[in-house]
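Alright, structures below, take your time with them.
Presented sequentially are two complexes of chain A, the first with chain B as partner and the second with chain C.
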Partner chain A sequence: MNASANEPFVFATVQYDSGDWDSAPMVPANVIDAIARYTEIPVRPQGVTVPLSSEVLFGYPLVFLTGHLPVRFSNKEADVLRQYLKRGGLLFVDDHNHDVDGAFNKTVREEIRRVAGALTPLPNTHELYRAFFVFENGPPTTSHEMNGWGDNLVHEHLDAVLFDGRIAVLFSNKDYSSEWSYHPDNKRFLSVDNTKFAVNLVVYALTR
Partner chain B sequence: MTTPALRSTARERVTDATSLVLASVHRAHATLRTVAWARAASIGVGAACSVWLVTRFAERLWAMPSWMSIVAALGAGGAISAVLTRRVRAIDALRTALWMEEQTPAGFALVTLVERENEVARARAQVEPFNTLMRERLADAYIDAAGGSSRADELVRTSLRALAVERLRDPLLFVLISVALLAWWSLAPRPGGAIEHSASRTPAGDIAPDTARSNVPIGAWRVRVLPPAYSGLPAQALGDVESVRALSGSTLSIDGTGTSPSAVQVRALVDSVTAARTGGWAISARALRVTRSGNGWTATLTTDALPTELRVTRGTATRLLLLEGYGDSIPRISLRLPVRDSVLRRATGRLPLESTLHDDLGLASGTFELIVSSGEGERFTARTLRVGARAYARDRDVTLRAALNLDSMQLAPGDIVHLRAVARDAHPGAAREAGSSETRSLRVARPAEYDSVSVEPAPPPEVDKSLISQRMLLMLTEKLEQRRLRITTDVLKGESARLSRDQTRLRLAVGDAVFQRLSGESSAEHAHTAGDGHDHGVEAVGGKLALPGTMSATGMLDEGDDSPVIGINKPLLEAYNAMWDAGRALEQADPRAAIPHMRVALAAIERARAASRLYLRGKPPTVILDLARIRLAGKDTGVTNSRSARRALPPGAAAREARLLAAAELATGDPSAAHDSVAVLRLESLADAPEFARALATVVEGLRNGGEITDVFVRARRVLGGVTRGPNAVWSRGGPP
Partner chain C sequence: MTSARRTVEVALRLAGVGAIVLALVLALRAPDTSRGDAPSTLSAAALYDSSARATVNELSATIARAALDSAPSGVHLTLTGIPSSSVRAALATVVHAGLRAAWTDSTNASGLAIAATAIADPFGGTLVRARANASVPLTIRDDASTLDSIASARNGVTVRGARLSGTAQAAVGSSRARVTIPRPPTLRRVLLLARPGWEAKFTTAALEERGWQVEGRLPVARRASVTLGGTAAASGAVTAPLDTARYAAAIVLDSGLVSAGVLSRFLRQGGGVILSGDALLGTSFGALRPATIVGVRALVPGALLTDAPRRGLAAWELRAAVRSVVLQAESHDRHDDSTVVAWRLGNGRVLASAYRDSWRWRMEGRDDGLDAHRAWWSALVGAVAFVPAVTEREQRPGNVVEQRLPGDAAPYADLRSRLGAPVAPPASMRSTPPAPSRRWLLYLVASLALLGEWALRRTRGAP
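On to the complex of A and B.
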């Protein structure tokens, strides 16, 4: 995790060898914008990309992984990720295909099971949904869930791997990668800011 | 003891005393009656003023007619005066003598003397004559011993002066107080009542002042408008209104109640530009005659098209009636047919004519008017014709149609026909203009200018023809092959040649697609073809196209190869070549040989259609957020751009602004006067500042209804100054309005 509590939070995107890890380039900026807008958490104004095979990963309390294509972690990547999760890190995985029958969903679930264990449904009453903003109905729905391109389902809950009651891996088929992939300057055109859930993620990762 | 000489002198003096004293008594009698008359009149005038004052106050409470006040005042004053004058008759010579006796006691000698004057006393005197002793008493009391003159005059003067002061002081004081109260009541300003504005509150050039809200002093009136008969508009009974919109030539009548106004002034107003030039807002002013009718009065006016102000004045009260006059517009006409000017080679046939006519009140007639000018050089003749004349019964929108028979007009080469539509409305004025459309000209060409007349001998250019698809060509060729044995050789050659031409056109279209992709330009602008000298990675070999040997197996651009050809062109090139072979076979009337090539071409086109497309994604932007700005902790001070002074308004607008501000100041203390001022200002602005007039209409409405009016005043001032709200919600003044 961060070396000092005074150091700003840095949003990190995981770079892995297989697949298109950089398919949602605007998500970091949007998450950072939401943190700056709603909290006083010191935050770095620009995100970073962290190789999954590097132990540099241990310096970030929350890392973000997304993509469309099949995912296969190398042994080095799997070892680093396993250590990261055991040391208290939180991996947030989002299916950019928002498709339970898609290649990314199938392969990344297998890889997570291999590294951290099976994903289980996260109750919508979990403290994650009250860490900062209150989401009474669980994870906020995205506009991409019912657009007909993916599984065309509204996913009622997220999946997670818990380590000692703490979320170690959070998995989403809701396609936040698309939902949050716009320039933060355009956020003013939205009647409701759809990146508020990202604040809960960061606050949860920093406080649990 | 009195000596005889003295006694003789006293006897003579006594003899003159009776006549002198009697004359004094009569003068005193007249003076006393005068004092009594003056007292009665003073009390009567005071009473009348008091009653008038009370009734004027009652008018405000119960809206009594004004004549009742006058009648009540005169009645009260007259009644009191009549009662008091009855006491004047009681003052006779005997009572005067008694009063004089009270002032200078003479033992009733004076009373006896006066009694002796009348017949009864005279008769009694014959029995008992006026004795000497009494005469002496009179002489002692009233005759001046030195001069022999009467002392009664002096007595009357001194005593009557005191009496007059005593008797007239209170009545005159009563009159003065009553008149003062009446004057104060009439002249003092009262909210909601008739007010006379002071000059200091009047902006320069303002004609609205000394106007007042009119309901009490002038009373309610009824306004009627009778439009001119030709218009067919109904008469309007508008009731108690403050502004009227009337057609020019209408008869406007105002019927009021109570006494007639002292004056009704009619002033036609002008716009601000003319006012600035002429130095006044009114271009004409005249007094309107007021006639009595029953219990009220009537004023009648014939309206014109100018904004006009009617100022009705009675005493110190004034009420305005604002008249928005508008004129009867002449008909509006649009000529639809013929659409444009033309040059005719031969003047024959029938030419349809059509126009639309519109009038605000109603049309009376319409026709097409033609002027035919003939001749050449300096000799010209002209004749006027009318076609399709129609009469209308106040129709407002009609379409006038007619047909012009060119043959009957016997037009010669070089003749010009000027054609327009003309319509009149029902206005009876002798100098009334007719409405007319634009003019079309039809000219008959001279033989010498035939070559200059625009004639298009060629057929219209061929439009793009849709190509027969490769699949359709294949099907037609297969059918031809099936019919081959049943048709003659000539038919086979003909149909095969036709298919060959279609195949060639389709092949060239495919070639266009290939080379357009290579060059990125439309083939029509700068066509690239095989062998044109450009390097597009395609070589022409015997009518076919071939890829150079450097192309990779996938068709993708190899590293270091500058050729722009990419993989999708490969199947198109294959289709192109197969079409070339199929076309050659069809030219030789051999459809069987063409079919395999056509199938190859079709398959190649299918492959090109299904070829995978790669969309290259650019590098995403690097976003570095300005956290201070997001957290609203930046250096922005919140101060917008510096403000600058507004530019001065033009003189006309400045004068209006000053009047608007004066009305705004007046609005809090005297809303009725402000209402009238703004209403007049609006009337003057109708012609040259309609937007400002509309804004003032809301001010007038606000003043009439009461309540908060700041916003409407502010808006009117902004409209006058051309101040608009910008995209950032900041008011800013642009150029002069």
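On to the complex of A and C.
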């Protein structure tokens, strides 16, 4: 079910009651493909969807949350997420709007502050950017930042909440949900694989 | 009439003189208890003390006085408490000087002993083990306060103290065993050798959150490894020597990451090795393993949320090797499953843990699972970790004299080694009273006879 000595890593997407949690259905397959392509980490071919309101979440120490719409965690969801982060889970949140003025960004930041504390900029020298591939300039820029969509900004860094020096919540306004949302077979048409950063994220989560 | 009175007077005079002579003869024939081989009996009340100096002086004066007064060839002590180390030393001196000493044990503290061991854990702490006669009330304390008061069990009692200071003492009545509480040991790094996974991640997290400094090497791809801590980036199996100058222990979660030869050399230096999960598979560590896998243990669904959370973890079924020690076992279907087994190898120790996904205890267990998982992993590492020796001077600078007093940790054994085994109390001290002397009857007879003779003489007008 999960990554241990023999068990493969499972990519898990968080299902929450508000908003559109399933707005990036192609992301899991693409991330899984990248892990299998570049590493020897055993990985399950299919991802899973995990309810944020269920303790089942605790079985997946790395989870992915995305969406366009306003996010409001129920009390149960907030409690489960608070416990999850305290125990060592890592929540990766990506703003599918790529818009700092958007509803998703504003509301989910408020919810994260309520559950885990305020997000702060993650230095581009953080070990996350060297966990496997080396990203000298921090998080790789997405095509959606470059083409002027959303807030028309290139976000220089990611934000995070750290617990005991470890990333508990990683927050992106770079819209990786769109950037990685294509069929893995189409990677052959890219000059540079844009899912490499996902490998860093998974390797970091599995080792730190 | 007069002759009859005179006959009575003569008879009374003879009776009185005879009684006096008999008393004198008995007195001359009685043994001399103040000289010769009979031991003097000293008061033992002053021998157990808290102020050793005063009591040593008192003891010396008492023995000197007894020697001058009666020149005994030996002394007999009835001890209701174990004397302090200074007094025991003084007694040994007296014995070596030629005075025969025997003692009767009324201490009720036979076997009293104490030991204190620094726990190899970044949180520190001391393990205090004490024992005395079973069922004797035993009080354990340090310089600050009482730690516990408990009836001594057959195998002694163990108290874990987080922060103890000065000396640890175990007391039975007025008898005390003392030991200096050791300083926390210098703990070196822990090396983690594992493939990336939740078990590796949360093992590292548990140890680091507990205060251990963890380095690691986790192969991610054919020619790429993630390094934790300060080790140089490298790929492939570890072939460079591991050294106890840097590492206290190595945790191996998977096979193929380090050679048995490297671990053997590390063990010869005194290092500790933990083989867990899939590291117990295969034959590469065959000679090092204190247990072998004989199957897969069936886990109990839902047990993670019970008082026995480790029953809910995936684990191997282990068979402990002959010379090994089972440190943890879980009862199951009327038999015990060995889950943590260890043995000594070279100067070091190897521990085998059957659990394959202990991270679930922390993530999916109860709220206390987080701390329990940390403490459990820290205890495993502490059980095998190399701890550099601490010299006496390092142990307690400025207070070496106290450390050098012998026998404080086991005063009863020390007393026996100095004075020999206890003996029964001498006849004069036994509770059965000695047979009453009949000499007073002789004096009474003599007095009455002489008084009667005198009265008869005076009443007849004789002088």
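What we mean here is this: the second predicted complex is superposed on the first by the 203 of 208 C-alpha atoms of A that agree within 3 Å, B and C clash if a C-alpha of one lies under 4 Å from a C-alpha of the other, contacts with A are read in each partner's own complex, and residues count from 1 in each chain.
We take it that a residue touches a chain if its C-beta (ideal position, glycine included) is under 8 Å from a C-beta of that chain, and two chains touch if they have at least 3 such contacts.
Note that this is a predicted model, so its numbers are computed, not measured.
After superposition onto chain A, partners chain B and chain C are found to sit side by side with no clash. In the superposed model, A:Q46 makes contact with chain B only, not with chain C. Touch criterion met: A:H183 reaches chain B, while chain C stays clear of it. In the superposition on chain A, A:L69 makes contact with neither chain B nor chain C.
Comparing chain B with chain C, the partner in contact with more residues of chain A is C.
Of the two partner chains placed by superposition, only chain C is touched by A:G89; chain B is not. Once the two complexes are laid over each other on the shared chain, residue contacts for A:F132 go to chain C alone; chain B is not touched. Panel annotation: after superposition on the shared chain A, the angle at the CA centre of chain A between chain B and chain C (CA centres) reads 130 degrees, nearest 10.
Residue contacts after overlaying the shared chain place A:I32 against chain B, while chain C stays out of touching range. The gap separating chain B from chain C in the superposed three-chain model is 11 Å, by closest C-alpha atoms. The touching residues of chain A, when paired with chain B in their complex, are 22, 25-26, 28-29, 32-33, 36-37, 43, 45-46, 183-184. If you check the complex, the residues on chain B that touch chain A are 620-627, 630-631.
Note for the complex: chain A touches chain C at residues 2-7, 9, 38-41, 55, 58-59, 61, 83, 86-89, 131-132, 164, 166, 203, 205-208. Chain C contributes residues 194-202, 204-205, 208-209, 216, 218-222, 224, 226, 228, 253-254, 277-278, 314, 356-357, 359-360, 362-364, 367, 369-370 to its touches with chain A in the complex.
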